[in-house]
Structures are given as structure tokens and as C-alpha cells.
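The first chain written gets the first letter, and so on, giving A, B, C and D; residue counts start at 1 in each chain.
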Amino acid sequence: MAVPDAPDAMLVVEGVTKRYQGVTALLDVDLSVRPSEIHALLGGNGAGKSTLINVLAGVTAPDEGTITLDGERLEIRKPSDALAHGITTVHQELSLVPALTTLDNIFLGREMRSGPPGLKVKLDRKTMTKRVESLAAEFGLSRIDLQLPVGEFGALKKRVVEIVKALAFEPRLLILDEPTSGLEDDERHRLFEYMRALRDRDVSLIWVTHHLDELFGLADTATVFRDGQTVGSVPVSDTSTDDLVQRMFGIAASELSGTREDAAPERVTEPGAEVLRLSDVSQGTVLREVSLSVHRGEILGIAGLAGAGRTELARAIMGVDKISSGSVHLHGKRVQVRHSSGMYRRGLAMVPEDRKHLGILGDLSIAENISISNLRRVSRFGFVVNKGSEAARAEEYRKSMSIRTPDVHAKIRNLSGGNQQKVIVARCLNTDPSVLIFDEPTQGIDVSAKVEVHNLIRDFVAAGGAAIVIASEVAELIELSHRVLVMKKGRLVGEITGIPEALADNRYDEVEHRIVSLAAGRSVA
Amino acid sequence: MRSGSRLMRILGTTGVPIAIALVIVILVFQVLSPVFLRPSAVSNYLNNGIPILLITVGVAFVIVGGGIDLSIGTVAGLSAGMTIWAVGAGMPTPVGVLVGVATGLVFGVVNGFVITQFGINDFIVTLATLNVAGGLLIVLSENVSLRGVNAPGLASLTQGSTLGIPTSFWIAVVIFVVMQFLLMRTVFGRRLFATGVSSEAATLAGVEVRRVRFNTFVISGVLAGAAGVLLASRLGAVQAFLGMGYEFTAIAGAVLGGVSLAGGRGSVWAAVVGGLMLATLQQGLRLNGVDPVYFSIVTGLAIVTGVVFDRQAQRLVLRRNVGGGPAQAVGAHPVAPEASHARETGVKS
Amino acid sequence: MSTDQSKARVSVLERAGYRLLLDPTLGVQAMLVTICVVAAFSFPVFLTEVNLYNVVGSSIIVMLLALGMTVVLIARGIDLSVGAVMALCAAVTAEALLNGYPLTLAAPMALATGAAVGIANGLLITKLGLPDFIATLAMLGFASGILYIWTGGVPIIGYMVPEFYYVGGLTPLVGSVTVPMLIALVLALVLGGLLGWSRLGTHLFAVGSSEHSARQSGVAVHRVRILAYVISGLMAAVAGIVIAGRNTNVPADLGTGYEIQAIAAAVIGGASLGGGRGRILGAVLGALTLAVSINLINLLGVPSSYQKIVIGAILLLAVVANRLSEIVNAWARRRRLARAPVDHEADAPDLGPPTVPAESLKPTRKALR
Amino acid sequence: MIRVAAGGMSGRRRAGRSLIGAALVASLALTGCTTVDQPEESDGASGGGPGVSDPATDEAIRAIVDGRTIKVGFSPPILSEFYTQVEKAAFNKMKEYEDRYGVKWQWERQGALNDAHSGTETVGIVEGYISRAFDAVFVCSAAPAETMQQLYAKGSAEGVDFYQFNSTEELANPSQAEDPTGGLNTVSNIGYDDRWQSGYISGQYIAEKLEGEGEVLQIMGPSGSDWTKLRQQGFEKAISEYPGIEIVGQADGGYVRDKGFTAAQDLLTKFPDVDAIYGENEDMALGASQAIDAAGLKHWDGNEGIITIGADGLVSGMESIKAGKLTATVDVNSTAIGEQMIETLFAHEVLGMTVNQFVRVPTDVVDKENVDWHLASLKANLAGPGKY
């Protein structure tokens, strides 16, 4: 389909091309956004969405092409140029400054100043507060929050600050790059409301999302990208998820997820022996008396709002953070380990959240990233790394997990998010774990990669492993888990068992409702 | 294309651009002053340069792990003093050598312990131990004589020659080879790189980051101790201010060779090449009769051009190389120059 | 409302207590007070007006440099060139005075020199991408090399004009108050205001804390970093002018070692080498801590051979104190949050029921399952 | 950091120029350490055979020289006013010899820059001179004597002659009386009369002015430095001879003025009633005199006030003495050292004479009485014609 010719377009991007050191990230891309519309940008990882957004936001300059806003040709060389034209961007990666207060963050680069005329040098925090106070309050940020350094906030609250920051300046064009990642359903919906309200106020929005389900009823137009090129634009009302998936990946949606339908029955199995048990584990104020157990062949989901202590639980199990009381038993034996390396040796492994910063070792190669957690396996005499066998192992994983790279010696940084995540999973599998912990395993990766990662988790468990999955998306947890534990404020507040059976009985909504209610702390209806 | 890209990859290896520059500089100096490559001059040059090269290699380990060690200079001085003291007190040479190396080891352990266990910034801790080691040498030199020691065994470490080349050269080569092996081929080295790239991510991948960092300070301390022993051997006597200021030369040499202050990038041989470059410049200027007041300017210029040159070479290679394979995920920008710069500010907390 | 009531319940005393406990310079304050108390008990002479003024007077040079260093450290840089630049600027001042220029012309010349070096540092770091440590180390070499070649190692002397004795603090202005003290006070206030109340200040913290975020927010990162070095260069120039007056001669090695003292003072004062943290008050207190320590060493008659060891120990103590104060800060913050009426648990704001019809979410979920 | 020591730049007269000067040198020459053989008739060019400006002698020497170029290396421990002054005096003497005898000079200065206190850089510099086969090298270094002597032995074997100047060889060879050349591999050692006497003389001066009664402060150089050690020994020895005089306070002034200033200030708060301050070098003494001003105390006026004394003989020190602030300084005679270096070199290198192992130039205390003369001759030397 062709890009709809939109003479009334507000923003027109024509023929934009961007090459990074020989790699073509965008090739002759067109985009046209009408006034007051929510325009979704879709595409797999590496399709070029982020690059286009970076171009519009002034983070990178295009090699060729033009950008026109309201008929005026724009030269966007740096972020401040974009801001000056009313183009505001909420990047997928938070762009907040930890050392600054919420207020200073919101007004960073656009500070209001007071003082005698011609000498307006003093920051006018009073006016700034006044201006943003009510907006902030709507998103649950108190006055005190405005004065606290952002570094003290959790991920969710940071995301909220980021959104308030974007909304505070009445943008003409608001670009949202995966704005809901890490948000709970409630906040997600609050944001959607705002997006609608902005549209009603004649603001156009460009919205990048991997969650096709979010589009319907919200977005007006969707433009699909593939391999750095525009596939086409389509009114959202005229399309379906399957249609979009096909455009994004050039294959039918059923091919992506079909095979798993057959696997579903095997999920309903008797749990095997207990592998991991936690008894009354506490850690400061973030974990309180958590007791749980995980069995062979089981996927245990952990649900909870951000800040409920899910990641902290994973870190405590892995020995990254020291627990203050309680005990951890592995295969029935108590383990006391002060460091994650000990846990890896004993058969635990973890795929951390925030892949880019906590998962990958960006400057190391794919092979090196795979072997790092179990160097013993590829070393001679216990300390000399055998590069040959290291590469051979990596090669095996590359094939078996279809990690898309021609060379396992390439730096992992250069892979797409989904492939990076597969490498991290390979790293964990390489330690022959009996328990594998996944913390937000599919955050920021595209639909097809997500399916692949889910399959990896299921395969691992099917082969006799045990998995703990932490995910903010309740839907993802329900899809994967046999059993879900819900956390709130560092405690376990509930357990939902028999999920596969419930799904087989079409009781999805009931399960979802229970999880959400427990996590939010409301009484179960 | 194939051979071209291989050439490019070699050029892009850390330290290679500087090594090429080093060869050019040596040739230029040889043309300017024919004595430059005369055996006696080369032997002097090696003997003078090797102690600092050892320190450079030691600090390179710390830097690759994302840290910094400022105490190395005065620790080397103190180790030299302890060696002379031990030998002067009648202990056999091997014991003297051990005493010197052990002194460095003690400082490495103290540095590593305080930094990793208390989580205190390494710049400040090692600045403090710099003062402590320097002070101890002064106290030592006031209380015992660190001169007039007749120790042929100790002296033979640097003044003797094996196969016509100074013994200290062989000692250094062995140490460098072992260290290069340790860094590039062993489990420890791999963990060290992981730590330097991202200590958080390395922790989560099961690397005992604290222990790795602790070990880097121990290595740095031990090599400073070894450097002290060679200094003692060459000088035959120790003066109270020995080693002061060596730390900056060593760090500059390592960085010039391509060891990144942000951590996670570098190699022993690159550090050695960078250190040799500084030593060569100094020796070359000296043999051409340039007043040392110009040295600091020339050295400053060399560092600036060297680091810029290295960066440009890397960038060029990246650009040329990337065209080669579809390995690069489209849109995943391999090097966001701004982002990588952000880490490169030199010292991390 | 209950909020207001509980707010009122937090007594004034308690609030003052929190204020102290939350102060990031708590560590250095505690340390300084401890040293002063020890000194006062050991030597009654310590608390005499004369001695206190002497200590303050002797801390000024390091203090001025530490002020600039703090700004650079906040922006996540480091400036090793300040000592050499100070010496260079002192020489510029002295030479200008020697050539008959009035102080009103000599001082701006020195300031221009400092600013120029700052710009050069900034450009090397931002445009050529050199690590700060290396760029400023090279600049240290440049500046001191130029000074050696220029003076041939012979100190510049004979430039003292009567008003310059005021500038150097050799002639007090009123009572024991000297011009350098006033200069340091004014500049500390100016820089304090700059960091706390100006756009540049916010941007400095932003660049130091997260350069990437700052850039995305439209902060001109390069300009901010260059300005940080310009401020540091200017402070080095001011220090140069003052030390030229205090020293009454300018030898080529005048600035040796000052960079380390400045960094030490700034770090003792709580600035972080990791960027994004640092306080002007901290730098002032840090410089005073160093000066008081030296004063104490001199009064105690510590043999000079032990001085270095003592200085090293003080540095270590100071960083440990800072670390402890961080822990106390964090504890106090948690406690205050626990007691404060505001909804601090608002990591997850309660937003009420979702408003988007759930039906719209259904189809896809199934398609993907 | 070091403005080391030694001394005084003073230039003292442009000796060499007149018979009067020569006579003065001869008469001042101390007996203990014999100055180079010093023909009575010479014009002060003690080492060099050249006598009075006698055309025939000059012509004969000119024949020996035969237009030869002498390659000389000069390695001071640091580039400072004092060593610049030594060098300048040497230049003047070199110019004179060039004019008279047609000898040509190739002079190369390489001073250690970064480690004035440790001297390891000097080792490399001297090795460079050996590699390039210089005829003669003048060295003053903080490096341990043993290190340097080994190096000299090695260099001598390759035909390079070494001369130490302003060095602390008495530490290496404390028994010069019995074994003059013990442990020394130099052709000659040129310095001012007995290093620690700059400390000893200062102590004596203070004691005499105070008539054997009083309290004294001592501002020292960095501990660990040989010069510091010697001066302290000398000073304490002198003071120990006067039981009525007590050293009440000591502090480190690092050989630099601002540290000396602060140290003196601190000590003066604790001991405001002292009678004298000894700064081991002139910069620190000047810092101390600033501290006296700042504390509102009184400078020595011949009868009362605080005596400040340093050592070196720098222009700034002498001007301070003229202004009535610094009381005195020990001028260790940098210009005479520079001249003697060249004379000794010429005598040995060109004329083949055996020169004295120790050449000692006279030392003098400069105070208000004689400062005019010292300052004038110093300035005259600075304006001399030599330049290489």
C-alpha cells in the first residue's frame, strides 16, 4: 500500500535515509502525520522506527531527506532544535537525570527564569512548580516528589516523570517511543487517556509500540516499517492484528505463534521434585518474609507492581544482594552464598532486567558473552580460556537458538534486542542450570523475538528445568506460567495456581482479574 | 576486499596505530641522531624505561577493570627502598627481591581491600596510599642507610646482560608475556574485561566483581614492587623521593597505548607500546640535546595526538569493516559517539 | 486534614535534626569539627583569632581551586591542569605589573589566560573526545612547560605594587580580614548561586549525572562541559593572581601539586568523581580541613617526615567519613519518609480503575497466544 | 618543588676580571679544603694555567687549543634561579676563554624537570651524554651518590670526564681528610665551602646577633633531601654550641615560599616571642619574613626584633635585605662556582693539568652591611656577555 497522500498533513517526512558506518538504518523513508491524530509506528526490532524517531528528535541527523512541519522545512540538528519546534519525544530509554529533582528534570533545557529585565538569571522554581503542579498531581506526583531527586525513584515513577515532562510543554507533536514499557496496566490506561486528550487539543502523536493490542480504539493511523523502509500506512480501523503482523514480518501471524498451540497440553503436567525453596527470606525493608518453592518442570510467575520487590527477590535469590534473614534451599540443601558466582555454580542462573545495561556486556563478543557465566566449561586447567571450544559452543547455541549473526566473534552490542536476549539466555543455559530466573525477559523486543524467547523458556522447562519469570505484563505471565505468585511491598500476597487448566477452561479474565487485584492490593471480588 | 579488511582489522587492534607511530618515531630519531640505536644507548634506554613500563602494565590491569591506581609510583619507590634495606642488612639477594615485591603486594592488598570492601572511590584511596608510601620511604631513608650497598647479585638484575641484552629486558619480557597471557587468555582476564565493560552486568552474570577488582590492585601493587626491585638494582641506592610522579607517566603511557580509562578496553602489549612511546620520545629528545623543559610540552602533544590518532584509526576501521557483513543489526548503531564519550570521562566513582 | 496535622507534629527541632542529617556535607563537617576540637584541646593557641585567621588565609588558594574543581567534578570531569594554570596566570599578572600595567589591566589579562586554557581543555575534551584526565594532564605539561621556557626557571620578582599587597592578603583590609578571604567568599557565593539557582548550574548537574539524558533534553552538552572548564580556568586565574600577591615572587614550579590538593579538598567536601554530585560549601570546608590539618601538624611539631603519612591518613578518614555520612543521609531520608505525612509509597500511584474499555485489548492477546 | 639549595647565587664579583678579585679569592680560600692550585700571579683563573694577559702565554695556549671545540653537558637538578646564575657565570668565563684562546664550546643544558628530589631522571640524562661521547659533563643531582658514581665510572671508561658541582659529596665521602678521592669517580667536585656550613654559618650568625640567648624557629626543606639533612645538621651543630639558645619549633616549608610562609605563620602563633627564624633556603626565609609582617611583629633592626636568615643569595633575597625585612642570607657564591667549573675544566681538558679533587669557593653572610656590594656584583654577572 502506498503512503496515503495527505495534503493536510502536519508533519511530512520525505525520502529520509540514514546510514550508520555502512549500515543502512533508514532508506528513503516517508511518513506523513495529520493534525490531531495518533499515528502508530510499527515494525520489528531493527525496522528503523527508533532511528526515525531519533532523526525527528534531533538525536541523529539524517544523511538525506526532508522534514516539513506545517509546510515549513525544518533543519533539526540537535535535540533543542526539535524542542524549539514543539516536537517533544519520550524516548524508550529514560532520559532523566538522576541527580536532579523531578522539577528540574521536567524543566531541563527549558527552565523558567526570573530577575530584573535583561538579567533573568535566577531559576524561578516557584513559577515552574505552579505551572506543572496540577499535571503532576494527576499522575500521582506530589509536591514533595517534585523536590526529590529522580534517582531515588523506581522505574515506574521515573516513567511517569518522563511523561509529565513531555506533557508539560504543550507539544505540537509528541513522540512516544514504547511509552508503556514498564508501566502497569492502570498507568498505561491513564496514559492512553492523556493521549486521547492531547489529540483532542490538536496535538499530533507519533506512537511506537510493540503491543499491537494497544492500538485498537486508540491509534488513528498505523505506519509499518520493515528493514529500514516504509512498508505502508493504513487507517487502524481498516486493519487487524494479523494483517499488521504480516506487514511487519512479511509472513503470516499464524506462522509466528502457531506451533505453540500444540505444546499447550504438555504444560499441564504434574510438577516434579522441589528444586528451590525460600523460607522467610527478608532483606531490609524491600523483602519481607518471602517463602516459596519451585519445582522441576514448572514455570513460576511473579507478578506485582513496580517496586513490589520482584527484582529484589530475584537478586536476593541469586546472591547479588545479601539477605538479612531467612534461608535458601537448593535441592533440599541450605545454601549460603555471598555472591552470584556461587549461585551460578550451584545451578541457578538469571536473565536480568534492563538488558542493555544489566544484561549484555556490550564490548565483548557474542561468544564471550555466552561463556562468561561458566568459563570453567571452556577453559583448560581451570584457568586458561580455550577460545576454540568457546567459539564452538557459541556456534552451537547460535544454531540451536537461531541467533541471527554471521559471526559469534561480533560484538554483542551490534545485535538487535531480541538476539541479544537470546544470547543472554544461551549464557544461562550454558551453566546447565536447574533453575532459571527471567526478569522481564521480553521487554523492548519485538513480537517475533518475544515468541522465540517464550519458546526457549518453555523448552527449558520441558527438558526438566524450573523457571521463575518476572514480568510486568500480566498477559505474558498468564501465557507462560503454571503458577503465579503476587508480590506487594516486599511480601507475597497471593498465589494463583492451575493457570494452564484455567486457560483451557477459558477463564483468562478471571485469572487476570485476580492477579491485578492482588497486586494493587484491592480486595478480591 | 578480503585482505583489505584484514589489514583494517589489524590496524584497528588496540595499540597497533601507536606501534606504527612508534616505529616511525624511532626511525626519525635514528636519522636525527645516529647514536640512538647504538647498543649502549638502547641498553640504557631499556634499563631506564623498564621500571616504568612494569608500573604501566600494572596500572593497565586496574584501568581495564574500570579503576585507577595513583599509588604505584611511590609504592615502587618504597619497594626499592625496602629492597636496598634488606640487602644492606645482609639478606641474600632473592630475599631482598622478595621483600621489595612483598612491599608492593601489601600496598596492593590494602588498596584493594579498602576500595572493594568499603566501596570508597579508588582515586582518593590510592591518592592517600600514595602519600603513605611516599612518607614511609622518607621515614625509612632517615632511619636506615639506603645507600652504599654492595650487592652484586642485585645489581646483576639490571647491569648484567644475557645474550648481549640487559638481563632486566628478559625479566620484563617474561613478565609482559605472562601478564598478556593472564589478561587475554585466562578466566581472570575475561572476568576483568567483563567487569570493566559493566560491573553491574558482570555481577549479574556471575562474576565476582569485587574479587576481580581486588586482584587488579594486587597485580598493580606487585608489579610496582617488581619495578621497585629493578629500580633498586639499577640505582644501587635509593633516595627518599624515588618514584614520585611515576604514576602520571604510567597512566599516560597506558592511555596512549589505547587502554581506555572508561574500562573494558586495552591490552598489556598496548600499554607497553604506549609506555615505550613516551620513553622513546624522552630518550630521543635527550639524545638530540633538547632541554627537558620542552619535554612536558612534547609529551603533552604526543599524548593528545596519539589518543586522537588512535580514535580516528578505530573509527575508520569500524566504518570500513562494518560494510563487510550483515552482522550489524540495522538500526542498532554500533557506536553512538556521544554515548561512548560519556563513559570516557576518565575516572569513575 | 490529617496531613496538615501530622506536618505540625514534626517539631522544629526534629526538622532541624533532619536538615543536619540529610546534609550531604555532614561527613566533612563532622571531620572538621572533630579536628578543630582536638586542636583546641591540645593547643589553646589554636582558637585564638590570629591563628584562625591564619588558617583561613592559608586555605584560600586551595579553596579557590577547589571551587573550580567542584564545578568540573559535578560535570563529571577532572581538571589536573589547575596548578600549572594557576602558576601561568600568576606569571602573567606578575609580568604585566612588572611592565607597568596597572592591576586593573593585569588581572583581566590573567583571567583571560585562565579562560583561554579552560576553553582549550574543553575543546580537547568535547571536540577531540580526549578523556578529561588525559587532556588536562597534557595541559598541565603545556602550561608548566611554557612557564619554564618563558622564565628560564628564574622566578619573576620585583612586581609588587602597594595595592597588590592587599590582593595577596599580606596587608589585611579591615582587622584581620583580607582581600583574598573576601574574594573567596564572594566567589563561593556566586558559584553556589550558579549551581543552585541558575540554568547553567542545573545543566552542569545534568551533564555530570547523565550526559545522554541531558543531551536528549536539549542541553547543549558540549557547551556546558566547556563552560565547566572555563570556570575552573578562571578560578585558577584568580588563585594565580592571589598567590602572586601572597608569594611576592613567581617561580616556574609555583603550582606543583596544587591540582591534587584541589581535588582532595573537593572530594573531602563530598564531590564525587563519578559526576553529578558536589557542593560549594563542601569545597570550602574541604579546603579548610586540609588547612587546619597542616596547621595542626605545624603546631604539633610533627616531624616533617611523617607529614605525608598524616595527610594520607586524613584523606582516608575523610572519604570514610563521607561514606558514613551517605549512610546516615540515606537512613535519615528513609526515616523522614516514614514519618512524613506525604504519600511516599507513591512509587505506584493509585490511579483508580482503568478507563480504556477492556474489550479493545482482547483480540490481539488471543492472536498471540 | 625544589629550589634547591644551594646556593647562593650571589654573584659576587665578576672575579676573573681583576687582580683584586683574584687576590680576594686567594685570600678567602679556606685552608681546610684546598682550592685548586692557584698560582699567585693568575687572575683568579685558578685551575687554568692561563696567567695574566700575557700575549705570549695566550698565543702558546691558543696553539694547544688549536681551534678545538669542547662538548660540555650541564645537568642541574632543576631549572632555577640559582642554577641559571651558575650557568650564566660559566658562560661569561667561556666567552672570555673563547676570545683569548680560540676555544670553541658546545654547551648543552639538560636539567631534570619532574623529579628534582629523586634524581632518577639525571641518570638517563647522563647516560645520554655518555652515548653521545661528550668531552665533559657537569652534574648536580639529588640522585644517590652511589648511583651517580657508578655511572661516572662507566662514563670515564668511555672517555667522558665528570665534574660534580654544588653537590653533597661529603655525605658520600665523609672522610675526605684521610681518603680524599674515596668513592668518587669525578675529575673534580666544585662547590662552596663545606655544605653544611650554610646551616652552620646561619646558626652562628643568629647566635652572635642574639648574644647567645634566645629562642629560634627552623623552617626546613622536605625531609629526605640531602641538602635538608646537611643544613639541618650544620644548623643544629652551631646552635648546640650555645646553651642559651634553643630551637623551639620546626616545620616543613618544602623549599617553597608559600609553604614556608604558612609554616612560619603557624609557628609564630604558637611561639610569638621567638627571636629568630632560620629558613633552610632563601625562599622559605622570605616566606618567614612575610609571616612576621603579617603577624605585625617586628623585624630585626640590629638590636631587637626577629632575625630571619636564609641561604642562597637570590636577587629577591638581597632586595628584601635592603628593604630591612630579611635580616641576612648565606650567599653560597653561585657565580664563583660557575667560573671555577670552566676554569677547572679548561685546565684539565685542554692543558692536561691535574686539578684538585675538591674546589671550594668562599661563602659569605650577606646582611645590611654588605648587601650593596653583593647585589651589584650579582647584577653585573647577570648582565655579562656570555651566551651559549
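Assume contacts are C-beta pairs under 8 Å (C-beta built on N, C-alpha and C of every residue); 3 or more make two chains touch, one makes a residue touch a chain.
A quick note: this is a predicted structure, and the numbers were derived from the prediction, not measured.
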A student comparing B-D to A-B should find more C-beta pairs in contact for A-B
The distance between the C-alpha centres of chain A and chain D, rounded to whole Å, is 74
Dist(centroid_CA(chain A), centroid_CA(chain B)) in Å evaluates to 41
Per the C-alpha centroid definition, the whole-Å distance linking chain B and chain C comes out as 30
Touching at least 2 other chains, the residues of chain D are 79, 111, 113, 222-224
Check: chain C positions touching at least 2 other chains come out as 148, 153, 210, 212, 215, 275, 305, 307
Note: chain A residues in touch with at least two other chains are none
Which chains touch? The pairs are A-B, A-C, B-C, B-D, C-D
Seen from chain B, its contact residues with chain C in the complex are 114, 118-121, 123-125, 127-132, 134-136, 138-139, 142, 248, 251-252, 255, 260-262, 293-297, 299-301, 303-304, 307-308, 311, 337-339, 341-342, 344-349
Within the complex, chain C is touched by chain A residues 57, 59, 78-80, 82-83, 89, 91, 93-100, 104-105, 108-111, 113, 121-123, 139-145, 151-154, 156-157, 160, 184-190, 192-193, 211-214, 216-218, 240-242, 245, 253, 257, 260, 285, 305-308, 447, 451, 475, 479, 489, 508, 520
As the complex stands, chain C meets chain B at residues 76-78, 124, 128-135, 137-142, 144-146, 148-149, 153, 210-212, 215, 221, 260, 263-264, 267, 272-275, 305-313, 315-316, 319-320, 323
Seen from chain B, its contact residues with chain A in the complex are 185-191, 193-194, 197-198, 200-208, 210, 264-265, 318-320, 322-323, 325-335
Residue positions on chain D within touch of chain C in the complex are 1-3, 78-81, 83-84, 111, 113, 220, 222-224, 249-252, 256-258, 261-263, 265-267, 269-270, 283, 286-287, 290, 293-295, 314-316, 319
